[in-house]
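The following pair of complexes shares a single chain, subunit A, combined with subunit B in the former and subunit C in the latter.
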Partner chain A sequence: MFKLLDGPQTLGRGRTFWSCFLAVLAAALIYPVFADSYDVGNFSYFLIWVFMALGLCLIWGYGGMLSFGQTFFFGISGYAYGVLAINMGGGSTTIAALVLSVIIAMIAAGILGYFMIWGGISGIFFGIVTLSATLVLAFFLGQTAGPEWHIGTARLNGFNGMKGMDPLTVGDFYIEGSALYYVMVALIVIVYIALRMLVNSRIGNVIVATRENPQRAEMLGYDVRKYQLLTFIIGSGLAGLSGALYTSWGQFITPSSIGLPAAAMPIVWVAFSGRSDLTATLVGSFLLLFGFQTITVYSQQAALVLMGTLLLATVMLAPQGFVLGVGKLVVDRWTRRRRRDANSTLADAGRLQSDEA
Partner chain B sequence: MALVDVKGVTKRFGGLTAVSDVDLTVNVGEVHCLIGPNGAGKSTLFKLIVGLYPPTKGNIFFDSIDITEERPFARVQRGMSIKMQAPSVFKELPVRQNIQIALQGRFSGAERDVEEERLLTLLDLASESSKLAGALSHGQQQWLEIGMALALQPQLLLLDEPTAGMSPEETFKTGELIKSFNAEGMTVLVVEHDMAFVRQIAQRVTVLHLGKIFARGSLETIIQDEKVAEIYLGKTHAH
Partner chain C sequence: MMSAELFSVFYQFADVFAFLILSAAGLAIVFGMMGVINMAHGEFIMCGAYVTVGLVKLGVPLAIAQGLAAVTAGLIGVAVEYLIVRRLYKRPLDSLLATWGLSLIVTQSMLLIVGSSITGIGTPEGSFAIGGYTFSTYRLVLFACAVAVLIGLYVIFMKTRFGVMARATMQNAAMAKALGARTGRIYAISFGIGAGLAGLCGALYAPTMTLIPTMGATFVVESFVTVVVGGANVLLGTAPAAVFLAMIRMALNASYGQIIGQIGMLFAVILIIRVLPEGLSSVLVRRGR
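And now, the complex of A and B:
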C-alpha cells in the first residue's frame, strides 16, 4: 500500500512530504474552531469543486484525454440529486440520492465514453465532442422553464434552475456548516489517497503509457480502450460527486453551472496547477478557487478576466503548470541540498580518518 | 510447423495495391527475414501481420488460429511481440518504468524485479534506468524497445528494421542478441534493409518486390539468386 502511495506517478514522496500532508490536514481539521462560520462555509464551497478538478487531472493529465465534459457530468449528477432528493422525500434518503446521482453520472460517462473511445475519437476531437455534449445539456436545461418539464414532483425550471431539495441529512441532522466542511475534508482525503494509489498501480502504469504512446501500449498486449474508458468514468464520476455536493450545499442548481464559462473553469484550474500531478491540482485548484472567490466579491468580471489571463500565462510561461513547476523546483533544491550535505559529511568523515591515520 | 501463415493477403490503399495475393509461412523456431527494395510492401505486410492494417483480402493465421479480425493487443496476448520501425517507447517516462510496464502483464513481485534487472543489464541500460526514455540516444531507444518486446517472452518476435540508426557495433550486438533468443526457441520475423545484418541472423529469407513474393528460400539460395541480385542485392554486393 505504501509503495502505491509513494509511486513514480506522483510528485511528493517520502517522510517529509507525508509530514507536510499531515500538518496541512491537522490545520484543516482545527480550522473551524478558529474561523467564523461564514469562512468555514466558503471553504466547504471551494472544496466541492476540488473533486471535479482531480477528476479532470486524472482524465487529462494522466489519461491524456482533454475533456470539456466535467460540467456535463456535474450537471447530470447535480440535477439527478435534486430529482432524487425531492422525489424520495428528503431526510436520510439524501445520502442514497447522493450515491445514486454519482452512479448516474458514471453510467452517462460510460455511455458517452464508449462511443467516443471505441469510435476512435482522440486528441482535440475528444475535447470538441465533450464540449458539444456539455453545451447541448446546458441549452436543453435552459428551455425547460414550462410546467411540463418535471420528473415526478421535481420541476426543472429552465434558467431559474431547480430548487427545493433537502441538503444532505442523517436522521434529523442537516449536514451543513462545520459538519459539511468535515465531510468535505474526509471525502477529499479519501479521494486523493485512492487516486494516488490508482495512478501508482499497474492500472495507472497502463493509463500513463496510453497517454504517452497508445500504439506502443497496445503492442504490449493492453486493450487501451478499456483503460481509457475506466479513466474517463472515474474522472467524470468525480465531477458528478462535485455536482451532487454542490446541489445539496446550495439546495439549487441552474444550467449556468454547466455552460461554457463554467465548463472552461476546470480546464483553467488544472492547467494552472499542473495537470500531470494530483497534489499540484489539489493545491492549485483550491488556491485559485479561493482567489477567484475573493476577487468576485469586488468584481466578477475582474475575476473572469484574471482566470483568462492565468490560462494564457500558463500556456506561455509554464505549460506544465505553475504549482507543479514550483513543486518540482522545491523538490530539486531539497534533493540537491541533501546530496550536498551527505557529500560534505562523507568528506568530513574522510578527513577525520586521514587525521587519525 | 507453421507459426504464422499468411494466405492470399492483399492490401489496397485506394487505387494502390501495396501487397498483392501474398502467401508467407514462418515456421516455429526459425529466424525469417523479409527483404526487398523500397516500396516492395515489406512494412505493409508487417503491419498486416501485427494487426495495424486490416487486409483487403485473404487471411492470417497464428498457431493455426485465424487472427485476421483481431486487434493488435489480442495478437500480442496470443504470443506475438512487436518492435516497430521508428523507436516507439514511452519517452516521458523513465527507462525502468518502460520496462516495468512491459513486464507487469506477465510477472509480479520479486519475479518482476529480477526480470527487470536482467533485461536492463542485458540491454546495457542499467546505468541509464532513471533517465527519461526520450533522453536516450536513438540506438539505445531501439534497444529499449527490443527489450520491451522481449519482456513479453513471446513465441514470435516481430522486428521492423530493428537496427535502423544503430552503429555497426550496436547492429552486430543486436544480431547476436536475436540469435541467442532464437537459440532458446523463439521464432523471429525481421523486416530489414541491411544485408550484412540479414546475413548475420537469417535462416530463411522471403523477398518481396512490387507487393508480391519474388523469391523465397534459405539465405544461401537467395544470395545466389541472380534475379534477386538484379532487383535488390546488386548494390549491396558491391560493398
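And now, the complex of A and C:
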C-alpha cells in the first residue's frame, strides 16, 4: 500500500523528499510550543484553506476539469455546518455536523457534476457553469436577511452572515487554539497522503489518462465520466471540509466567502503553485495565504490586486506554476550534481521529462 | 384592459430580454470568434458605466456620453487584446485565467482609487401609463437598443466585407489567413467590438443602478448562462437563448421575485446543458444547413 506514496503522478520521492517532509512536519508540530496563541490561531486559519486548494488541484490539475466552484461547495458545507450545529444542539454533535456537512457538499457536487459531465461539457463551459452556480448561491444567501429565512432555529442573516453555532466540541472541550491547530495539521497530513495514494493508484492513472485524452481513455475501455465525477466529488468535498472548518473556526460565515472575489482565490493559489502536483499546491497555497494575510492587515484591496497580478503573471510567464517551476529547477540542479559522477545526465533528463507528462 | 395586461407581460419580457442580450452580446462575440471567454467582461461593463456617469457630470448629454463610453471600452478592449489575449489564443483556458486576473486587478484598484460608490444619475425619460399600470419609458429604450444591437451585428457580420472575413476566420482561421485575411487584425477588432458592446451595456444601465466597482458581477451570471445556452453563434445562438431564458425568468420573477428567477434560470441552464452541451446554436445551425 505504501508503494502508492511514490508514483509517476507525484513529484518528490525517495529518502531526501520524505526526510524534508518529516522535518517540516516536526517543525509544524512543535510550532505552538514557541509561538503565542494568537499566531497559532492565525496559522490554523491558513490551514483551513489548504483542503480547498488540494481539492482544486485534484479536480483541475489531475482531472483536467477547470472548476470555479470551490467556494460554492465551501459555502454549502459552511452553511450546512452552521445550520446543523445550531439545530442539533452543539456539544459533541458538532463532529457529526462536520461530517454531515461535508457529505452534503459532496452530494451537491454529485448532482451538479452529473449534469455537467454526462452533458459532456468541458473546458471553458465547465468553468463558467460552476462559477454561475457559485455567484447565484452568493446572491441568494445575500438576500436572506429577513426573519423568514431560517432553517430550524438557525437564521441565515443575509450579508451579515450566520453566527452562534458551536465550534467543534468533544464533550465539554472546545477544539480551539492549539488543539484545533493539531487537528488541522493531522487532517492535512491524512488528506495529503490519501490524495497521493489516490493519484498514484489505478484510479489516479485513469483520471490522468482522461485529462490527457478523454477519447483515448474511453477507447481503452474506461467509462471516463464515472472517473471524472468521482474526481469532482472528492475535490469538491475537500472544499466542503474547508467550509465546515471555517465556520467552526470563526463561528460565523457570510456570503462574501462564496462570491467574487473569494471564488477566484483557489484558482490563484493552485495556478500559481502548479496545478499538476499536490506537493507544489500544498507549499504554494500556504505561502500565498501567508502573504495574502500579511498584506490584508494593511489593505484588503491591495492584497487582492496582488493576487490578480500573480494570476496574470503566472499565465503569461509560467503557465505550469511558479512553485512547481522553482521546485523542478532545484531538484534538477540537485540530481544533476549528484549524478555528474555517474555521468548519466542524459538518462536523467529523459526521466525528468517523463515526470512532466 | 386585456391589452394592458398583455402589454405588461410584453414589458416584463422585454426588460429581461434586453438585459440578457445587452450583457451577453459582447461576451458571445468574443467567444464565437476566438473561443475565449473574457472574464473581465463585467469590468468592461463597469468601465462603460463609470465613463457615462463621469461625462454626464461634466455636462455631456446622456446619449453622447453613452456612445463615448462604449467607444472607450472598445478601445481599451483592443489594447487588452494586443497586450494579453493575443498571446493566449492557443491556450483558451489560460486566457480565461489571465482575464480573470485582470478583472481582479481592475475591480480592486477601482475600489482603492475611487472608493466604494459614487453618486449616480437618475433614470431619464420618465414613465407612461396604460390601463392601471405605469411603465418606465427608459426600459423600452433599453429594449430598442438590444434589438438595435442584434440588427447591427447582423449587418456587420452578414453584409460587410469585414463580416465575410470574420466568418471565414471563425470557420477556419488557418485557411482564411492563407487566403489573405488578416486574422490578427480581425481578432483585435472582434475583441474591440465585444468590449465596446460590454461598455454599451454598462453605459445603458448606468442611469438605472448604483455604481460600484464590483457592479460587473451583477451582469456576469446572466451573460455566462446566455452564452452557455446559446453556444458559439451570436445571432442563431445568443438571441434565441435570450428569448428562451427571458421567458423562464419573467414567469418566475413575476410569481416569486428576482432571486428565485435567477435560481430558476440557472437550474434551467443546468438541465439544458445535459441535453444540448453545444448550445442552441448547434441545433439551429445544423437545421439551417
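Operating definition for what follows: the second predicted complex is superposed on the first by the 340 of 357 C-alpha atoms of A that agree within 3 Å, B and C clash if a C-alpha of one lies under 4 Å from a C-alpha of the other, contacts with A are read in each partner's own complex, and residues count from 1 in each chain.
To be clear about the criterion, a residue touches a chain if its C-beta (ideal position, glycine included) is under 8 Å from a C-beta of that chain, and two chains touch if they have at least 3 such contacts.
The shown structure was predicted, so the numbers you read here are calculated from the model rather than taken from an experiment.
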(Q) After superposing on the shared chain, does subunit C or subunit B touch more subunit A residues? (A) C
Q: Applying the touch criterion given at the start, work out whether A:Thr153 contacts subunit B, subunit C, both or neither, answering first, second, both or neither.
A: neither
Q: Considering only the touch criterion stated at the top, classify A:Ser19 as touching first (subunit B), second (subunit C), both, or neither.
A: neither
Q.
Taking the superposition on A as described, I'd like to know which of subunit B and subunit C A:Asn205 touches: first, second, both or neither.
A. first
Q | Partner chain(s) touched by A:Pro8 [first = subunit B, second = subunit C, both, neither] | A | first
Q: Could you look at A:Asp223 and tell me whether it touches subunit B, subunit C, both or neither (first, second, both, neither)?
A: first
Q. Which partner does A:Thr335 contact after superposing on A: first (subunit B), second (subunit C), both, neither?
A. neither
Q: Look at A:Ser37 in the shared chain and tell me whether it touches subunit B only, subunit C only, both, or neither; answer first, second, both or neither.
A: neither
Q: Scan A:Thr294 for contacts with subunit B and subunit C and give back first, second, both or neither.
A: neither
Q. Which holds for A:Gln215: it touches subunit B only (first), subunit C only (second), both, or neither?
A. first
Q: Kindly list the residues of subunit A that each of subunit B and subunit C touches, one partner per complex.
A: none
(Q) Could you list, by residue number, the parts of subunit A that touch subunit C in their complex? (A) 66, 112, 115-116, 118-121, 123-125, 127-129, 131-133, 135-136, 139-140, 143, 259-261, 264, 267-268, 271, 299, 301-302, 304-305, 307-316, 319
Q | Partner subunit A, residues of subunit B touching it in the complex | A | 50, 52, 71-74, 76-77, 81-82, 84, 88-94, 97, 100-102, 104-105, 145, 148-149, 152
Q | Touching residues (chain side subunit A, partner subunit B) in the complex | A | 8, 202, 205-206, 208-209, 212-213, 215-224
Q. Which bits of subunit C are touching subunit A when the two form their complex?
A. 31, 35, 37, 84, 87-88, 91-98, 100-109, 111-112, 214, 217, 220-221, 224-225, 227-228, 259, 262-263, 266, 269-271, 273-275, 277
